[in-house]
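Per-chain residue numbering starts at 1, and chain names A, B, C and D are given in the order in which the chains are listed.
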């Protein structure tokens, strides 16, 4: 499975589309245990990514993700901006300037990105954050994009009973239990968009 | 019909009681075309009157009304304070220091008081104010206390279709039509209390 | 509607206790209901006294201090104070040069201040009065109690206060106060009604998707109800209402005033639209004040006041003032 | 819930245009989202930069000016700003003595300011940071993102700003800022939720007859919900929560802060009860500020912050400040 620059551009495209469609839901999730802005943050960020990619036409998969990551950092703000920005920027750096990659290459890149998120935010699995969708997704990526998407979705749903220990939701203590983490939900969207990027070809 | 100091004390007492009972209604009327305080204003005023009369035990009908009027002026504020204060103070002055009066004497006193209200506030019949209950009441007083009460009540109800030309309600223009004037409603209460003051004897 | 209070009956007294605790530079008499600058009376200076119903904070108590009011008389919520308060205030601030009463044009305020003026003069205090009636929403004053006094009060109190501070005699301070009052126009818009402590529920019903144009500051409904408008549309309607009444021929002092429940973020955005509307109509803005100054409890909405200002008024506006709510130059 | 806005997307930009129109003493860059004092950089003076999500006005833009902040970076509503803003701000205010970032302790603010600090240092600006984490409602910081930064931010910005104004070097300004941050404690109560422009409806559901204790300033629910309480009961609960965490050994600076939707009349009444509660527990109040300073849009409610102040902090607090929202001595 060759994953070329086109694939990564289509991925970012699918992310922008899906985040736009689900923005309201993400904001609702954030209203319950956060500050009701996650959907708007993600939409603003991926709209900026779409513009930046169109303007700069990066030539390699690594350049696509690095640019997307930098753009998220410069346009999102909040916790999600630096974290998702780091995810993509680190993944992009890992891809180097090769003209294309394959599934193991993508997996290594995302693993590096997720590691960057964990280092930056200091969260671990089970803290009820985006990591609870991202970590299982990277694991499952061995089995293909669809498997990763399913794992991410499941990971997001599984944040429901968890007690938040990072981010705004942690202020709520016990009252954070029973709600899905908005960042985990958006991570599941981004991973699912990988599948669409293939289909869109 | 002799109206002695006891009668005027009982009148003020009945006013305090009735205003307290109807305060919420008066405030509701004021909410519709004013600022939602008339009931509270009247209650505060007559509570103060009750205290003042108990403390100073005025000896004549004139002294009762003069003290009540001064107390309203010092405790009510708003439009109602000076107007009702003037009503009672002028009526009290008219009664002089006679130990008692009769129906014509009461009528002359109230006529003087109502005249004071008209001068102070510059309103005329039909402007949708307390005068629309007070003026017919003074006229009807010739026929006795009950007749005055009936006339005042009717006068208050008749303010409903009027367009307000004085007080806060005038700011509403056409929108003041269809509501009963709160001051006319409280005036009707005070006149009706005259009847109770006889009955309480 | 929930309120951060003890019981409705003690709201004004509680607030005065809280003012006393926060402002050692003021003398607050909780039982007499007076807020007086601590160094009153200032010998030889005209004393400025204002007052009105509570619920419009920081008006008037927040404007007591050097360069503005010498005393404020807070009434019950939305109920003008009683003459006893004003008489005491006049006595407390008369430094021998007389006292100016700044009166907002409402029947209650006018009647009570008139009575107080008579009583104070009986006690030997020279009293002048200025009536503030700046609200253009009250159109036909021959068939009404006349225009309401709203945001213009702030300009009258600040500028007359500065004149008194400079040592102007009573007739001059009163003349300037009247000139300011004549130069001010206001118009207000409500997005929600307010809730008085005594009533405990909104004073009128304003459904989602509607607003009231031409409101006052006492929780009374306005003159016209319309479907919801954008900040830009509201600014245009407001500025048009103002300019139809008075087209300024000099630069204006501008007050973009919150009614109490509208966040400052929105007020600044509204100011941007008001400025755009004024610019488009050729009105020059010399100074701008944005914030909650003449409020109506928790009402959401805003009012716009302008004061056409010649050099002298501008200089007096810029003069030092030191109060709880307005402060500069000292 | 109705709002005085154009469209949710332009709320922050509109407010910045309005600030620019109202405050000629500020340089407002609407597209870069920066509020900077007009005379920046001040040569030889440490520059103070803060920022955070919008919706807390007057924090931080209203605190830009001599004696306080040199620049503020407003993010989207309740969303921390992006590093680009802080990097630009640092460059604009660096007078050669370095820059202090005042950061409220939220994951987003911390991450973005951290990134900005690295980038600014790459560009040759010396950067120090102070973290404000004063909210005692966040109890166990090992299992959370740590305490939130709320009302204490005002004390940190004012006092560190005064130190910078006096010419203290960066490490000294940072040291004082940290000392103030360590000396502040806050606790907040909501009577209603707030409505963000984007969501258009209250961020959480708070029925009549209930309130939230221990709220933050981002429209998030608090730690505990209770039946409605009187101002006196709320003051007691609030002061107890504060003193359980830190029993001051010096006089305190007191901030009785409105969340945006509570009228000043109620805030002063609440101040009376807070003062009573502090007096009863032997806490001496040196200075009091009552008003809407660190808000949460239109939320009804209040927070109480105290800052334990030695002679030096008190002197720096009293030092002149000239900003849109806090001004004295000049």
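To be clear about the criterion, contacts are C-beta pairs under 8 Å (C-beta built on N, C-alpha and C of every residue); 3 or more make two chains touch, one makes a residue touch a chain.
Computed from a prediction, not measured in an experiment: that's the story for all the values here.
**Q** How many hops, at fewest, get you from chain A to chain D via touching chains?
**A** The least step count works out to 1.
**Q** Which chains contact both chain B and chain C?
**A** The shared contacts of chain B and chain C amount to nothing, since no chain touches both.
**Q** Determine, using the mean of C-alpha atoms as each chain's centre, which chain is farthest from chain A.
**A** Centroid comparison gives B as the farthest chain from chain A.
**Q** Approximately how many whole Å separate the CA-defined centres of chain A and chain C?
**A** Averaging C-alpha atoms per chain gives centres 53 Å apart.
**Q** Take the average of all CA coordinates in chain A, do the same for chain B, and state the distance between these two points in whole angstrom.
**A** Spacing between the chain centres: roughly 73 Å.
**Q** Counting in whole Å, what is the centre-to-centre distance of chain C and chain D, each centre being its mean C-alpha position?
**A** Each chain's C-alpha centroid was found; their separation is 29 Å.
**Q** In chain C, what residues contact two or more other chains?
**A** Residues 77 of chain C touch two or more partner chains.
**Q** Using the definition of touching given at the top, classify the network of chains in this structure as line, ring, star, complete or other.
**A** Graph shape here is a line: each chain touches the next, no loop.
**Q** What chain pairs are in touch here?
**A** Per the contact definition above, the touching pairs are A-D, B-C, C-D.
**Q** Quick one: which bits of chain B touch chain C in the complex? Just the residue numbers, please.
**A** So the residues of chain B in touch with chain C come to 27, 31-37, 40-41, 44, 73-83, 120-121, 163, 165-168, 170-173, 175.
**Q** What part of chain D is in contact with chain A in the complex they form?
**A** 53, 75-84, 106-108, 111-112, 115, 137-140, 143-145, 148, 196, 198-199, 203-204, 216, 218-221, 223
**Q** Which residues of chain C touch chain D in their complex?
**A** Interface residues on chain C, with respect to chain D: 1-7, 10-12, 14-23, 54-55, 57-58, 62, 77, 189, 191-192, 208-209, 211, 228, 230-232, 234, 256, 260-273, 275, 285, 288-290, 292, 295, 297-298, 300-302, 327-330.
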